[in-house]
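Common to both upcoming complexes is subunit A, partnered first by subunit B, then by subunit C.
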Partner chain A sequence: MRREARRMAALFLLPACGLYALLFLYPVISSLVLSLYDWDGFSQQRRFVGLGNFRRLLGDDPMFWTALKHNLFLLSVPTVIILAAALFFAGALTSGVRGSKFFRITYFFPNVISMVAITLLWFFIYNPNFGLLNGLLGKLTGSKVSIVWLDPNHIMAALVAPIVWCSLGFYLVLFLAGMESIPQTYYDAARVDGANAWQQFRSITVPLMWDIITVAVVFLVIGGLRIFELIYVMALGYPNEQSQVISTYLYEQAFNNANMGYGLAIAVVLFVLVFATTAAAMRLMGREQTEF
Partner chain B sequence: MGKGKAIPWGRWLVRGALYLVLVGYAGAVILPMVWLLYTSLKNNEEIFRSAWALPGRLHWGNFAYAWGRARIGDYFANSLLVTAISVALILLVSAMAAYVLARFPFRGNRAIFYAFLAGLMVPTQLALVPLFFLVNAMGLLDTYTGLILVYVAFSLPFTIFVLAGFFRTLPHELAEAALIDGCTHAQAFWRVMLPIAKPGLVTAAIFNFLGIWNEYLFALVLISSERLRTLPLGLANLLMVTHYESNWGALFAGLVMVMIPTLAAYSLLQGQLTKGITAGALKG
Partner chain C sequence: MPKRQVIARPIGAAARILAAAGLLLAVVGLLLAVAGCSGQEQAARRAGREIEVQIFLGGYGLDFFQEVARGYERTHPGVKVTLSGDPRIIDKLRPRLLAENPPDLFWAFLPIWRLADDGVLHALDADLATRAYGQKITWGESFLPGPLATTVVAGKRYFVPTDLSVFLMWYNVGMFREHGWRPPARWDEFMALCERIKRAGIAPIAFQGRYPDYALPMLLNLFQRKVGGRPLFDLINLKPGAWLHPDLVASAATLQEMMEKGYFQPGCMGMTHTEAQMEFVNSRAAMVPCGTWLKAEMTNTTPRGFEMSSFNYPGVRGGKGDPSVAGISMGYWCVPAQAANLRGGVDFLKWVTSRENANQFARSKDTLFAIRGADRNLARELAPAVAVMRRARYTWAAMMSNWYPELSKRIVDGLASLMSGNISPEEFCQRIEQACDRIRRDSNTPKYQMPVPAEVEG
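Right, the complex of A and B next:
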């Protein structure tokens, strides 16, 4: 490269690389290192404990396992529902129904609302006294309904609906893009061979959209692992064992209990789970790909 | 024999059921919004009397309270300021880096690109705690400078990925022609390549704007002053306060005020948004 080009390249890369190294890479690497220490965040003293934080977390902390269990529930049940519903709606909207644009635009809208606002909206919907849901059930049954949806027995199941509601539209648009890119002739040929709608879906749509579906699963699983606002705001800042998830437990340990090292160990476990999910999906994608 | 007639009947039934499901889910999206809107005009007593009844008198005071006393107006201005500056900086910094990474072959190019890309796999929570202490050490805790710089740093992986992909698709000859005409490489970037990269920049701007406008966790950790709160922080706080004060009408009004600009922006930009997702999906 000429000298001028080299200088420009360096100059143009400097702000991005500088910011990224300082405010992204450095904190991430610090987390990995500091998770090996016992540290309250305020005193100068840090005691090296090796894998002690992890041993305590995985071996001797029921709250962590409770939180992880909640994450597993929130990354599996909504994922299944969202995949099934988004594929169904995408199929329906590409089958030539009237108003498909209206449906697409409506379904996608919740995706642009902030998670805090969505949480608040569902907090209202679930309110036992003036909530939309009890009001609706009251109208249908003709008597007053006062189910406490966010009590310990219902809360996990109650969280499924807002998760589906706020993200379905994104996956619908994703799947629509995939379906619209499949040549119509494939379906015509299948119909000539006598394949019904379900057979066409199973042996044309799904295999040709395998990559997109895998990406969707990865997004949904990672989203379920990282979930924070919905739980934190719904519990008014203090989730307990009924709704604690990894992210809120991390926040509580680090910022409320001043257990920085321990909080970081939780963050590292979260990172490992996210990383493993992505890596597994990438392998899966490479193997089961179908060529056009 | 009767089969010839049975098929259209079956088809009508399937069609009808399909529409029922489609309209049903559209209702599940729209109904809560409509309910939210008219409940925001009720007073506390009306809210508790019946979940469904329309307001007897329109209590616009809820909105005045939420905008002024509950400071939603201030938080709105704060969010606008933080988001606008962040997005402008993100585009500038990312476009420069992405252009070089996409078009200048030099040793280490791939390594830098993949270092940015790796950031897409890291959950932000992993950086949260050290980031708090780092920003504190820089003297930027509880300032917009600190918050904005963090937003920029964490948007780089996604934005550079999108823009580098975009710059690779632009015709090489244009920059070459500018160079032959006596432009420097930097001039070719600013005057020729950046202007024609506008569609890519717009897509990146919309997604970053949405992400930062709605961001909660970093703001929660990095901002502590009430007067510096962004909209998500302010709204969450309003819920936590209202829970003890019980001015529910004002909280409904606050939520409506947060939703309306989102709805307005969405109706303008939804085409761009879905196009962005579609392009991403097909590229894989």
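Right, the complex of A and C next:
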């Protein structure tokens, strides 16, 4: 009977395992193999170059390092802002401000919109001629403002606002759930001991929410390394050296430049980077779990 | 009750399995039917009864080509031309090229030089030596020599040029007339004109700054006007050190100076091509650099009564270069080597590029065509472009951008940085030279050469 059950279990697992192998393992292994070839992606002509694509990428391609620098900027600056803002707003909303339900929905709202729609929205906000931002600045300064927010000098800084705007709600909800699960008695006891709001936050909220904060940091780091749609749409499909990130560079090499083998080598490096950065973030933030 | 459930489950599962099997059978049946259809089509193509054509669906639409296909069918009884278009034609062609089951003819923005090199395309040399449709010359002779010269890969021709664009400076005729401005004959007159326009409170030049490659023809024409054609072809052919030429640095400096002096419209580096061209047709800028497609591209948004014309980039006082020379770009049509009806694909391509069809295309789509004599009765706005092409001692095309997409990207990025004032003209040239050097050193990248026309000066 147990054997029968095991066989049944294997039978039921088979389709899922098959699909996983077909849709994940096979493409990953294929990509790994094809990254060792010089291949245009259009013909059957492939030339084995061994680690040549990787040598060129890491040793003779300044654009890769420029793109990586942009990724590091986009995974660090927005991460700090999002974490700080989400913790602040979550703290404010749990302290019982009026209309907290309304604010929860409002903050979460950008999460239900697709990334492409969000990007287009911000594309219009940044428009130098009729954009909301220049219009607002014009009203404040009393003169016509024509800052080109998406020109090569401003584009990286301009990308921070939409990233924060569309990500904040998710982390806010995550932190709210964490904060609401901390027993109120801890805060009451701290207050009796004379702790102020900052001390309560530092000594009770943060330690008890550390695991959630770690998860949030890991998500943000992965998001910062994999970012694609925002850049691609904001740059109208042609990111330049001021806005290129690794995933857009991968796309450019594989699909625009017909360097599929090289593009796949970038994909492999990106995979390793995401894996290593995630592991490093988890290790750096790992501390003994505080139970309550 | 539990007993009934036990009995009910297998029946439900069996029903579900039967339903799933039915669905699977239906899907398999459908796939077989589709495969059968495509098998029949394949047989018809192999027998020469059908020609499959796939083209990029963009501003030119499909209507003209469908009309041409019907004309072909009328003159070739028993042959059917199946023509389809898609804005994302590359996504459709990629799996078919990989499966070695391509259409018989295609027009798409693919890396065709690389495909030619990989043996994916049919060499057209023998076909170009056959008689052109409706003329007493060969098909090869019916093409304009400059555009046809761009199709050589390792001594053979794997595609032919079709629609043709000349890069010119467009101007607002009404505005020029009102202020008494005239198209300049020399570069210093051009700079003085920009200054006069700026003083009149109008932006001299609208610019498509989100796509800074619109400035490349201006830069390279200025360079050619200064030094002649040979150094220009050296740039195109990636001759070592060619991009470090002092006159190229000086030309890049002129471009940057024009930006700094406010000759390009403020804020232009954030504008797309349509936004910048809207500034031009709405008379907020006096000129715009663009190819001959401008008139067709802006037809629906050009205000009634707006008149546009164009001039070729002016010569340089004391320069060695002939100012009649023009920068061009064109589209290419190809016949895959694995096409089921290769002869049909070639013949239909000859038909599309016959002088009559080419002229009809140019007239109906407000563009030029790379066929001799296809420039009759075009729109008034294209008259200067026709005159430029007829007068041009020779033409050049920025082929390095087609051959090496990575280099093209570095040039575009460099132009963006140069025009934004982030790098010096020297740094711009050094960066491109470094990118060229990487290509020269990369043994994986096939190398191409543009034959230097006999008429080239310098």
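The rule we apply is simple: the second predicted complex is superposed on the first by the 273 of 292 C-alpha atoms of A that agree within 3 Å, B and C clash if a C-alpha of one lies under 4 Å from a C-alpha of the other, contacts with A are read in each partner's own complex, and residues count from 1 in each chain.
We take it that a residue touches a chain if its C-beta (ideal position, glycine included) is under 8 Å from a C-beta of that chain, and two chains touch if they have at least 3 such contacts.
No experiment lies behind these values; they were computed from the predicted model shown.
Participant: So, does A:Asn240 touch the first partner subunit B, the second partner subunit C, both, or neither?
Facilitator: Only subunit C is touched by A:Asn240; subunit B is not.
Participant: Is A:Leu225 touching anything from subunit B or subunit C once the two structures are fitted on A? First, second, both or neither.
Facilitator: first
Participant: Just to be sure I read the superposition right, which of the two partners does A:Phe48 touch: subunit B = first, subunit C = second, or both, or neither?
Facilitator: neither
Participant: Counting only touches as set out at the top, which of subunit B and subunit C does A:Ile113 meet: first, second, both, neither?
Facilitator: It touches subunit B, and subunit C stays clear.
Participant: If we overlay the two complexes on their shared chain A, which of subunit B and subunit C does A:Ala258 touch? Say first, second, both or neither.
Facilitator: Touch partner of A:Ala258: subunit C, not subunit B.
Participant: After the superposition on A, what does A:Asn129 contact: first (subunit B), second (subunit C), both or neither?
Facilitator: Both: A:Asn129 reaches subunit B and subunit C.
Participant: If you stack the two complexes on chain A, which partner ends up touching A:Asp38: first (subunit B), second (subunit C), both, or neither?
Facilitator: second
Participant: Classify the contacts of A:Asp60 with the two partner chains as first (subunit B alone), second (subunit C alone), both, or neither.
Facilitator: After superposition on chain A, A:Asp60 lies in contact with subunit C alone.
Participant: Decide which partner touches more residues of subunit A, taking subunit B and subunit C as the two options.
Facilitator: B
Participant: If you stack the two complexes on chain A, which partner ends up touching A:Ser146: first (subunit B), second (subunit C), both, or neither?
Facilitator: Only subunit C; A:Ser146 stays clear of subunit B.
Participant: Where on subunit A do the contacts with subunit B and the contacts with subunit C coincide?
Facilitator: In subunit A, residues 41, 129, 236, 255 are touched by subunit B and also by subunit C.
Participant: Show me the residue ranges of subunit C that touch subunit A in the complex, using the header's touch definition.
Facilitator: Residue positions touching the partner: 90, 93-94, 97-98, 100, 110-111, 114-115, 118-120, 209-211, 266-267, 269-272, 275, 405-406, 409, 412-413, 416-417, 420, 422, 438, 442, 444.
Participant: So in the complex, the part of subunit B that touches subunit A is made up of which residues?
Facilitator: Those residues of subunit B that touch subunit A are 15, 18-19, 21-22, 25-26, 28-32, 35-36, 39, 47-48, 50-52, 93-94, 96-97, 99-101, 104-106, 112, 115-116, 119, 121-134, 149-150, 152-154, 156, 160, 184-186, 189, 210, 213-214, 216-217, 221, 231-232, 235-236, 239-240, 243, 248, 251-252, 255, 258-259, 262-263, 265-266, 270, 273-274, 277-278, 281-282, 284.
Participant: Going by the contact rule set out above, which residues of subunit A touch subunit B in the complex?
Facilitator: 1, 4-6, 8-9, 11-13, 15-17, 19-20, 22-28, 30-31, 34, 41, 85, 88-89, 92-93, 95, 97, 99, 102-110, 112-117, 119-121, 123-125, 129-132, 134-136, 138-139, 165, 170, 173-174, 176-178, 181, 211-212, 215, 222, 225-226, 228-229, 233, 236-237, 247, 250-251, 254-255, 260, 263-264, 267-268, 270-271, 274-275, 278
Participant: Given the complex with subunit C, which residues does subunit A contribute to the contact?
Facilitator: Where subunit A meets subunit C, its residues are 38, 40-45, 47, 49, 52, 56, 60, 128-129, 146, 148-153, 236, 238, 240-242, 252-253, 255-259.
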